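Across the two complexes that follow, chain A remains constant while its partner is chain B and subsequently chain C.
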Partner chain A sequence: MLFFAYAIVRTAYYSFTDFDLFKAPSFVGMSNYTALVSDELFLLALRNTIGFSLIVTTTQTVLALGLAVLVNHAVRARGLIRTVFYLPSIMSSAAMTLIFLWLFQRNGFMTAIASVVLAYRQHILLFLVGMAALQGALVLNARRSYEGISIFDPFFLLVAAVGALALAASCALAGLLSVFDNNLLISWLNTQRHFLFMPVTLWSVALMNVFTTVPTLMLLFLAGLQSIPSSLYDAAEVDGANAFQRFRHITVPALRPVTFAVVTMGVIGTLQMFDQVAILGDAAPLASRVTLAYYVYENAFPAGASSRIGLASAAALVLGILTIAAVYVQKSVGVKEKGE
Partner chain B sequence: MLFRPGALVAATMLFGLPASAEEIVRISGWGGSEVAIVNGLLTNVLAEKLAEEGIRVKYEPVDGDYSQFIINGLSAGTAPDLFYVDTFWARSVFSAGQAAPVTNDVSGFAANLLTAFTYDGKLYSTPKDFNTLAIHFNKDIFDDAGVGYPSDDDTWTTLQEKLVAVNKSLPEVDGLCVVPEYARFGAFALSTGWSPFDARGKTVLDKRFRRAFDFYTGLVKSGAAVMAADAGHSWTGGCLASERAAVAIEGAWILSALRDSAPNMNLGTVRMPKDPESSKRGNIVFSVGWTVNAASKVSKAAAKVAELLTTEEAQQWVLEQGLALPSRTSLNDNPWLRGGQPEQIASRVVLEGLSDDHVMPYFFGDVGGSWMQPINAALNSVILGEEDANTALLSAQSAFDRMLAK
Partner chain C sequence: MMASMPAAEVSPSRRRLPAGALRRRQLAASAWVYLAFLAVATIMAGTFVLAFIASLKVDPLERPFRIYFDQLNPAAWVAAARLGREGAGDALWGGLAPGANVHFSVTYAAPADARIVEPRAEIPRRRPGSGIAAALMRHYAADYASIALRSSSSATKQARDKRGIRQGWQARTFVYEITYRSDRHNGPWIERTPVNLTAPTSQTLIDSPISPSRSERRGRLLSWDNITPGALGLIFNNYRRVISETADLQTGKSLIGSWLGNSLAIATGRLVLTLVVASLAGYALARLKFRGSRLLFAAALFSMTIPAQVTFASNYLIFRDLSLLNTPWSVIVVFVASANVLLMKQFFEGFPREIEEAAIVDGANRFQVFCKIVLPNAKPALLVNAILAFQGAWNDFFWPLVLITSPPEALTIQVGLLSLRRSFGGVQGDWGLVLAGAFISIVPVVILFVLFQRHIVSTEFAKGTT
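Our next item is the complex of A and B:
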């Protein structure tokens, strides 16, 4: 608490000064804050940070919860499954970023996947349609004899997949399907293009971030799930509640404290996202990857120029206030600290 | 217990210890191949002289962001007594009063390097070495493609024709890997006579700049080059070393990289091509100097170490190792530089780059590295085909107008 208070007070003081780390700080009033508001890069960083935080926090929370439910339901090899899902989070973010840099090259792995999907789009479409049709037919047929067959029955899914694969392969061999030529070069990182409200580069970083954070958050949800008494689910089942109703009315309310922790950690982590964009470096244009935390660093240690500690401190305070506000808002819109 | 001076003298004589204490000078530079250079200098060349001066050097190489390490150290009072300063960020150290002016005789150093380290009329760094850009090429690739080697007489156009011809003859090899960075493109822009800052201190992307911009961004479209990132590399030297490209535009630092990754390459080096209109060559100088920490308690000893590290003898040794280019003009006629080995030729060409027609240091005043961002962004978006040159340069010009209006 002492260190935190000291840092906050000192940062607040510097935010009202002109300071380059060497000369004595000189009081400049609110001019660092007015400079921030008129700095296009700051406004861009603010927009990028908020967009990134919204996307990543939402996605990682939903995915972590879904994955935890899946792992919790696994009957066999639960330990192994949990370990496999957890593996991505034990790698350092620097190492993961370098791996992703390689995957996201214009002619890298991600582009290769997109290229294959585009080239074989007819095959893929036929496989999906064939599988859905076969699954539907198998389930309808089974329901004539037995009740309670799920539309996602795993055995029928397997049979439908094999049947659809055979259908697509037969059509391809018969020359009924075309393979489309493409010479794709997709810029995932090194681009100034935008998709919706965020640069494409940050969407790619978001994917990377979700991949590395979901496993840890999944473990938190998993611990929460295992603390819910099974008698609640048994009673609900006796009362005729289906799986979704049990999830909606038992799992979600009981997990509220965990969800609060997960969302809070997500909001704080994403608003202060720095390392992955810093490692990207010149592999992506600054405007496409700048976040508030990186903006602070860029002003504290600008390449080839004197430090602008006053401006960096003002931006750091804005980031701090934004983080506290975001946590408060998420708490007040329904994610509670206490379970029901 | 009583202190007995006689006992100390006797002990000193008995155990051979020096009567006066050594001065310890902490020095720092970046890691990588520099560690071998500095360690080699300290142990092979300067050991005796340092002992004579009663100086012990404690060398602390830094991997990672070196400038940040130094700025942090200076602000916290923990910086080494003697350290590297790059022309790129020298001003932030000099203007903050963190460097002690150079006290030794610097008359033997190249004048334009001294200018790069002069601030407010005072010299603050002893130039350690320098680099300029040159065209390095793989002779075997040109032989296989049946294309004539790049030459000192090449213009942008003739070099481009050769690169396209290589790619046509050997489709798996690209002529050059381009990077969307001023650090390489700048040499072409400068050769037109364009200057990063005009007389009013403004950056104007005029017709001369546009001509160089169109040439550089057109290299990929014409089949002369590929984006380095698309070839899986981050610099042009990586493409040359892996034989993905026939040519690289780099300084003499490429030699140590090639020594490790492509030791058998049949390397050739020529000067940067001329602008076909102005018939002039442009180049960028990258330089580093030894700087004494103004707050050092052993500043005299640190200045002495800087002097020893940049003596003719020391620079001769560094040069003959093929590690760096000397900043002393007396070594320009060194017999080693007249040799016919690829490393000797490359070093000679890089040295000659210092006297090209339009040479500028890799330095952008108070703006620092941010100055390059609008140009880098424009190069990137046009090479990727995301914007046309008109739109990209219009945005870049607006960015400069905003940046330099502050």
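Our next item is the complex of A and C:
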């Protein structure tokens, strides 16, 4: 523990010095911080990190909650769920990253999926439109004589899906739909392109990150869900609350402590995301993958240059403060919601 | 509170759903749940299954992606076992050894009007893989083996041509014999026997015991990397390659083996250290009242939120000054056991105080109580911590990357994977090797998971709720 406190203090000290690991550190005041603020790469890293953290934390929390609610119904297969869902999260990030790098190769599997979707876009579109139309017609027809049929009525949805599938299949057999030829080569990783506010490379990393963390978080939510007494749901149902209202007014408040834990873990994990970026290495341009954690490492051990420990320490402190601030903000918001 | 629509407002012509329809809807709802569950499970498990299948392939980036190929084809396993036995008397791992007499038959087909000529066969001086492997290669099959045509036979078969019309095609089967040259009977065992066949493009290969690894010049040149693989040698070709081709140039020792050894040593070391620190500190935090215990607890919580990147420069210097850099000790010692300490603290707090007090009345001191009474009862918690520590240390990437940089055989397996990616996953695109390395690296954790599934999952619960 002392080790740790000492390390933080030393880092803080280095952040005010010019130090390259070999000659003694010399005091330079705030110049590291001013250098940081004017370093384009640092600003990029900061933006990437915050964007990545927001996207991944939100997505994984929502997905994990959704999955937990789903799995909570399917009680019978729980042992299987554990095994299947848990595997990604025990694996090392290095092995996971390699598998995903392979998936995201220019002529790899992701490209193949994208090209199949593009080739059959008419089929898919017809299926979706057909399903929506059928569902709408069925629901409207039923609503004329019965009450309380929701737009997403599961039975009709099933019928509509089968109907739309038959429609698409028969149109395809009749030769009405064309298959588009394409020979895609998509650069998912080695690219400077941006999508919204983040480089495409980081979106790919985000997808992988969500994939690996969702199962663990889902298990946390599942434990929370099972501690909610079912009598609450029964009472609400008697009062006439629909499924969404029950979810909104019973499940979400009851899961608040778990949600806090999940979001905190997510924020901490995503802000210090390093392994994936490091393993990407020269497979992607630096600007498309740099995050704060990687920026710190890159400055401490730059390839073919002497260390800039001062700069690295300053950036590391920014990262640390950002983490604490994020957790604190999250906590204060969470507490406020509790008092509602 | 949410009942908003009294039934009276609904027009009298609309009825409630009959019971049968409600039942149908419930069934449909659970069908959707299971469908969605199945979809998610497919994506989760499918990714790994797919990657594992790809790790067996000769070229995992092949387009379009096939999931049916020699490595998954029992008929090819049998053929590979026969070829391996004929090559070196080893049906499992194959090879080419003195006394080898291998029969390799290929069948070409061509339209009835074309003539099938005998393909030109040779054993090329080909190096496997890239870089290091080529430098390590000592013996070439080309120097020790000879290939000759033994017999050929003709037949006609029915086949569809390009327009889908059935036609009689002629087919010819050539049987080659590969022998270890008798003037070299003291020669070495050779791992692989490559073969090239060159034939005009008018004739196509329709049958061979194992498929060619490559086809060049629009099918004129077919090459096999190894026609004496043995069954396991065929299936786990990439796994064998990742072991034999990642070798240290000086010593010739397999790097991946020493990486696994290093990781194992580090994980074991950290496991032991974590157990000692976590149980002592956890007990102190739970039972002993001392000044600053609250502060220490707060610091433990705090340290969980601080990224390793914040503290690494200082730690790096400490290890440099102790000249522990590039040794496993640095990676063992540098860790933050806060999560483990908190887990142990929770367990100790739940431990009945009365038992300890009784022991103290009997004249035992604090330390004796801890060793003789508390610890033996803490086995479940210790097990959980041990699993957690081992898994964490095995999967750790950052600290080994920073603290161990040379020599190549001192790395851990996770950092080793990075160098594997660099040397094979780049321009070479030799992803079979990289994926095989990744799958080898997860074996210990998967074993751990299979053995202690229940504990691992409950550990994650505990970690998340503290």
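We adopt the following convention: the second predicted complex is superposed on the first by the 297 of 340 C-alpha atoms of A that agree within 3 Å, B and C clash if a C-alpha of one lies under 4 Å from a C-alpha of the other, contacts with A are read in each partner's own complex, and residues count from 1 in each chain.
Assume a contact is a pair of C-beta atoms (placed from the backbone, for glycine too) under 8 Å apart; a residue touches a chain by one contact, two chains touch by 3 or more.
The model shown is predicted, which means the values in this text are computed figures rather than measured ones.
Participant: Assess the superposed three-chain arrangement around chain A: do chain B and chain C clash, or do they fit?
Facilitator: Aligned through their shared chain, the two binders clash on chain A.
Participant: On the A-aligned overlay, A:L128 touches which partner chain: chain B = first, chain C = second, or both, or neither?
Facilitator: Neither chain B nor chain C is touched by A:L128.
Participant: Does chain C touch more residues of chain A than chain B does, or is it the other way round?
Facilitator: C
Participant: Just chain B (first), just chain C (second), both, or neither: which does A:V62 touch?
Facilitator: Once the two structures are laid over each other on A, A:V62 reaches no partner at all.
Participant: Between chain B (first) and chain C (second), which does A:A95 come into contact with in this model arrangement: first, second, both, or neither?
Facilitator: After superposition on chain A, A:A95 lies in contact with chain C alone.
Participant: When the two structures are overlaid on chain A, which partner does A:A325 contact: first (chain B), second (chain C), both, or neither?
Facilitator: A:A325 contacts neither chain B nor chain C.
Participant: Looking at A:N107 after the superposition, I want to know if it touches chain B, chain C, both of them or none. Which is it: first, second, both, neither?
Facilitator: Both chain B and chain C are touched by A:N107.
Participant: Contacts for A:E40 in the overlay, against chain B (first) and chain C (second): which applies, first, second, both or neither?
Facilitator: The first partner, chain B, only.
Participant: Name the contact category of A:G304: first (chain B only), second (chain C only), both, or neither.
Facilitator: first
Participant: Can A:N190 be said to touch chain B (first), chain C (second), both, or neither?
Facilitator: The first partner, chain B, only.
Participant: Once chain A of both complexes is superposed, is A:D282 in touch with chain B (first), chain C (second), both, or neither?
Facilitator: Both chain B and chain C are touched by A:D282.
Participant: Pick the chain B stretch that clashes with chain C in the superposition, from 55-63, 145-153, 217-225 or 343-351.
Facilitator: 55-63
Participant: Would you please give the residues of chain A that touch chain B in one complex and also touch chain C in the other complex?
Facilitator: Overlap of chain B and chain C footprints on chain A: residues 21, 105, 107, 282-283, 301.
Participant: Over in the complex, which chain A residues touch chain C? Could you list them?
Facilitator: For chain A paired with chain C, touching residues are 1, 3-8, 10-11, 14, 21, 67, 70-71, 73-74, 77, 80-95, 98-99, 101-103, 105, 107-109, 112, 144-149, 153-155, 157-158, 211, 215-217, 219-220, 223, 236, 239-241, 245, 249, 257-258, 261-262, 264-265, 268, 271-272, 274-275, 278-279, 281-283, 292-293, 296-297, 300-301, 309, 312-313, 316-317, 319-320, 323-324, 327.
Participant: Under the definition above, what is the set of chain A residues touching chain B in their complex?
Facilitator: Contact set of chain A toward chain B: 20-23, 40, 105-107, 185, 187, 190-193, 282-283, 285-287, 301-307.
Participant: Taking the touch rule as given, give the residues of chain C at its contact with chain A in the complex, in rising order.
Facilitator: Going by the criterion above, the answer is residues 1-5, 10, 13-17, 21, 24-25, 27-34, 36-37, 40-41, 44-45, 47-48, 50-51, 54, 60-61, 63-65, 296, 299-300, 303-317, 320, 336, 391, 394-395, 397-398, 401-402, 414-415, 417-418, 421-422, 425-426, 429, 431, 434-435, 437-439, 441-442, 445-446, 448-449, 453, 456-457, 460-461, 464-465.
Participant: Over in the complex, which chain B residues touch chain A? Could you list them?
Facilitator: 65, 67-68, 71, 74-75, 88-89, 91-92, 95-98, 181, 227, 229-230, 232, 234, 363-364, 366-370, 373, 376-377, 380-381, 384, 386-387, 402
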